[in-house]
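Shared chain: chain A. Partners: chain B in the first complex, chain C in the second.
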Partner chain A sequence: MVTRIIQLVLSPVIALVVAVLFLGLSRKIVARIHRRYGPPIYQPIIDVIRLMTQHSISHGALFELGVVFALAGSLVTVLFIPLGGTNAPPGSYPLAHGLLCPLSSSGGLLVVIYLMLFSPISIALGAGASANPNASIGVSRKMLLALAYELPFLLVILAIMSHYGTISIAEIVSRQQDSAWGVFSVPLAAVAAFLILPAMVGIRPFDVVGAPQEIASGPLVEYGGRYLALLTVQSGVHLFIVIALFVDLFLGGGVNVVTFLLKMFAVFLAAELVSAVLPRVRIENALKFCWTWPTGLALAQMIITVVSR
Partner chain B sequence: MDRSQLAKWLKNPAEMANKYSLHAVYFCTGCGIIEIPPVITTRWDAERFGIKAVATPRQGNLFMITGYVSLKTLKAIIRTYEQMPDPKYTVAFGSCPINGGMYWDSYNTIKHLDKYIPVDGWIAGCMPRPEAVFIGVTHLWTLIDKGKADGYIRYRKNYAAYRRNQEMLFGDLGWPPLHPSESPAEEASV
Partner chain C sequence: MLPATTLIVAFASAGLVYLAGKVHARLRDLLAVLSSLVLVGLIGLGYGAWGELVYVPDFLGVELVLRLNLLAWFFAITVAAVVSLSTIFSLTYMRRKPSATFHYSTTLAVEGAMLGIVFAGDLLSFFIFWEIMSWSAYLLISCNRGRALDAGLKYIIMSLVGSCAMLIGLLAVYAGLGVLRIPLVAEGMQAASPGFVLLVLLTFGLAFGIKSAMVPLHTWLPDAHSEAASPFSAVLSGVLIKMGIYGFVLLMYAVVGLKLLLGLGSGWLSFHHVLCWLGAITVVIPTFIAVLQTDAKRLLAWSSIGQIGYIILGISFGTPLAFAGAIFHALNHAICKGLLFLAVGAVEHNTGGVRNLNDLGGLAKRMPVTFACALVAGLGLIGIPLTSGFVPKWLIYRTLIEEGHPFLALAALIGTWGAILYVYKLLHNIFLGQLPEKHNEVRCSPPSMRIPLLLFGLAILVFGVAPGIPLRAVQGIGATFGFAQLKVTLWGLASEAGALNMLNICFAIVIAFTAVFLLMRLGAKGPRVSQEDSYAAGSAVPVGRYSYTVDFYSPLSHMIAPYLKDRVDQFYYWLAARGREIADLTRRMYTGYAGTYVLYIVSFLALLIFLQLVWQIW
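And now, the complex of A and B:
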């Protein structure tokens, strides 16, 4: 019971700390690729402190609730995702500890699929309440992009679930630790998931939602002050969730939190390197891309999995 | 982070965060905006000082007016300034907002911007080099440290006077006063 409570507190704390760290690192990495010096890694913390102390303008109760729902939805999703650790008996791996996943016994992948849609819809709700035309365009783009990546994402999840024969992420992680990683046993699904990773996170080339130069940062256009601070943290936590899910499903999780975070950093770095050198696509091109290559790869993986069983 | 600044951070985190996280709303009024892309991109890299361009006034706290201000843009400038959340700092860039510059006898431009919105700092020159922008920013840091970058406080305190100046140009502005209840006596005398 005590361990469970500790885990319930520890998981979101790790997510928040790593999320803010990733936000800082992403700005630094992009700066170095541009051959700039870049901001300090703790710059997002300064930004969040500044935003929290600024006066903020509200457009009504729904406008504020959207922010709260988005952050709460993201933090709840973290509780369902294993953040390192193993279910194997003690002593089978060096430096291993018990599975860090407070709600591993309930729901699994199906709940994660539903909860991951919760924060985009909440932001859409809050941004819609501001009645700004730029926000409306941003929201419609966000929904279209969700439509674009949900199809390949669901096919990837289906392929994994039918390959391992379970919906529990904890079970999938321990099966990978026993035998081969998912990236070797379901390679096409792994490639498909990496291709839609920028779209799920909302970074380049799929940052059509927040495009500052086109639609004045989209759904966030009316958000300022402490609402923007919470939404900045939320975007970091969402990034954390997507990458953590990728590591859990394809890179075998981690026997402890440190190896898990190192694997997460590797995936994050790969995604950032791709995003730093690519321009932004248009929304219809994003839709076309997501429904051809990743969908095709995931479909092929599913057929292979079903036939080979 | 400079070790000696830690005490300042603990004493007044809000002010220090405001200092090192200047998110700028660039108002591209004139030719001055041509100097801003080099400032924020690879060559001079303003992001290492925490300065970032944002797309909407709700998210920013530094308002840069780059170049001459015509009557039509002044209206938009006032609206944008009033939409920004406090605390906010205004920097006028180039000689045109200071005294009209080369448009000193133009019928359609503003000669003194600080009659209409409060300005915290000026960067003189026609054009100022990107280095001058950085010198301006470090001066703004000093002003914030000393509590002299108080444009948004002055605007609230002397709102009636600013509003009167704005209405002298435009007649009816088309939107209600930002701080209606601050000085009812002066409001009545106008």
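And now, the complex of A and C:
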């Protein structure tokens, strides 16, 4: 019972700390590629604290609840994702074996992909509570972008789930640790997943949803103060979830939390290197891109998986 | 005997309500609501009961039987609940409409017919009640006149095609096996030749496919659902099209049987496999057509077809998990779509008949209860965890993946992502964003409209957190058809690999929500301002002008619209036009000259004489 509670608290805390750290690192990395000095790594912490103390207008209960549900949804999603460790033999305490995934037994990957919907829908509803057209345009783009990357993403996870014949992430991780990593056993899916990674996280070249210079941060346009603080943290946790999933599905998870986080950092760095040098695309082009290369690769992988079974 | 009592109550109250309508409107309303609630109570009492009753011992040599079992009970309680809530909703919606009396009494007749279908113990009773349902539904669909007449005509013509097919199947069964009672037919089927089984499956399946609006037999549904009065649309979409599903279940599992069904055909060309793929197509294409719609009820109608696809996919896949998911989803869709049609009806009622999504917006503040309930139903339709839509979809996906059909699973999952698009479009364009000035006066709905919405919404949440309640009944149904038992708990499923516990998920979300909420309270508070007081880079946003609702998904619709024309509908219209031409040619026989008719008679006689001379027939 105690281990379980520790796990339940530890997972979101790791996610929060790493999320904020990644946000800071992201600005630093991009700055260095642009040959600037960049803000300190702890800048997001300062920003969040400052935002929490600033007063901000609100458009009503739905406007506020949208923010709360968005962050809560992301934190809950973290509980379903293994954050390193080998799979525990049945009957023993998972934490003793280093598997940090408190709710691994509740529905597996299918629950994760559904829980990942919580945040975008909450933000969309909250943003819709204002009458700002920029927010509506942003939400419309978010929905379309989600559809754009979900098609290849679903193909990718279906290829993996049918390759390993299970819907449990913990089992997929342990199978990879026993044999080869997903990158080697389902390589095309891994490439496809990496191609849509920026779209899933919402960084360049697919930052069409926020797009500050066009639609004034889109869904976030009306949010300030404590709401913006929570949404900043939410975007970090979302980044954490997507990269953690990538590590779990393709890089064999981690033997313990430390190696897991190191692998996450490697993936994050690779994504940032791509993102830092590309300009923003239009939403139509994002749709076209996601439905050609990543979808084609993932589809090829799925056909190979089905045929070779 | 319960089925007989409920049928008598339903049909008698249909007549009584009609008579009461002649006396006083209040009396009629009271009687309609009371009798629909009595039916819910009566059926609720019959949980777990079994029995058979011969109500006509000898009808041209056939016994007519009513029976009660768990499958019948499950569908009957859904029918009764949806109809009663729709009737309560009608109290305000139908007030002062000239067709109100007709609406109430015919709705009760449709309910009686649907209950008759699920309680029918032999195929002839089934057919009789099926016809009563089809015809009374036709009257209700075309009740509004105008475009509703065309919609009703389209519906009844397609229904008649289905009925004819079913009649052929019925006659084939009677000629081939000599019995019509369902258990006896099932026995006879086990010894029948595969060709005969396929004939029965196809003829009955055509009728059920048309009624449940499976692609490519779906074309009546978008017109009929959008043109009918909203409370009846809720009945149509919630339970009437589920009669097709009930028919499929009865046919495939009670009559033909699981073993025989899975052995029919081989590989990709087996019956259930083809039906699976039809189900998958029914999920994907209508879902994306729904995304393009601008009429709220039409959007919901197309979404109904898409959701029916999941049920057909689940039923025809034929594993315990898929079957349980499909039956559970039939319940979930009945609740969610019932609620959404009523919510759109409430909006239509309060805004003076507007259901064009481009003319609405910002109504969340004016109709908060309707919005909250529509939101819950929308999430249920998507299948977000903690709504009743999650568990059935999870069951279907899981079995599709684990049985090695990732392409079917892809179709199902893509349908869900399409559902997100149209649900958000519906909610945003009606309730969120800017409020058009002409709707400033819109007021909150009266209690008789809010209570059904709240009850539906409550059911979605309760079945979402405690899916064990419906799952127990569902797995009981599965057990009668020889499916392996699922380990159902109140909060989900217990099994070795990949259990599901909604209570865990519920607790996690509640705790995370509370924590984040408290965190937000720590931050500095700000004033609440009106919706229109928004940031626009220094220049004010003109009120009521900049609503971003028209063509909400324009980049997507430009891309996919050319591929999503309803060619099946065009083909049927083409067929109807050719039929009219042939009829027109036949008409030309009647020239009006007596001489021509004499010529016909003489040439016919000549033909007879010729036949007799050559072949000596008589």
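In the analysis below, the second predicted complex is superposed on the first by the 299 of 309 C-alpha atoms of A that agree within 3 Å, B and C clash if a C-alpha of one lies under 4 Å from a C-alpha of the other, contacts with A are read in each partner's own complex, and residues count from 1 in each chain.
Rule of thumb we're sticking to: a residue touches a chain if its C-beta (ideal position, glycine included) is under 8 Å from a C-beta of that chain, and two chains touch if they have at least 3 such contacts.
Model, not experiment: these values are computed from the prediction.
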item: Fit-or-clash call for chain B and chain C when the two complexes are aligned on chain A; value: fit
item: Which superposed partner A:114 touches (first chain B, second chain C, both, neither); value: second
item: Touching partner for A:27 - first (chain B), second (chain C), both, neither; value: first
item: Superposed arrangement, angle subtended at the Cα centre of chain A by chain B and chain C, nearest 10 degrees; value: 110
item: Touched chain A residues, chain B compared with chain C; value: C
item: Touched partner set for A:136, first chain B, second chain C, both or neither; value: second
item: Partner chain in contact with A:221 - chain B first, chain C second, else both or neither; value: both
item: Partner chain in contact with A:57 - chain B first, chain C second, else both or neither; value: both
item: Contacts of A:38 with chain B and chain C, given as first, second, both or neither; value: first
item: Smallest separation of CA atoms, chain C relative to chain B, angstrom; value: 5
item: Residues of chain A contacting chain B in one complex and chain C in the other; value: 53-57, 134, 216, 221-222, 224-225
item: Complex contact set, residues of chain A against chain C; value: 8, 12, 51-60, 62, 64, 67-69, 71-73, 75-76, 79, 103, 105-108, 110-111, 113-115, 117-118, 121, 124-125, 128-134, 136-137, 139-140, 143-144, 146-147, 150-151, 154-155, 158-159, 161-162, 165-168, 171, 216, 221-222, 224-227, 229-230, 283-284, 287, 302, 305-306, 309
item: Chain A-facing residues of chain C, complex; value: 362, 364-365, 375, 379, 382-385, 390, 394, 397-398, 401-402, 404, 406-407, 409-410, 413-414, 417-418, 420-421, 424, 427-428, 431-435, 492, 497-501, 504-505, 508-509, 512-513, 515-517, 519-520, 522-537, 541, 543, 546-549, 552-553, 555-556, 558-559
item: Interface residues, chain B side, partner chain A - complex; value: 1, 13-14, 16-18, 20-21, 23, 41-42, 45, 47-50, 53-56, 58-59, 61, 83, 85-87
item: For the chain A and chain B complex, residues of the former touching the latter; value: 27, 31, 34-40, 42-43, 46-47, 49-50, 53-57, 134, 212-213, 216-217, 220-225, 228
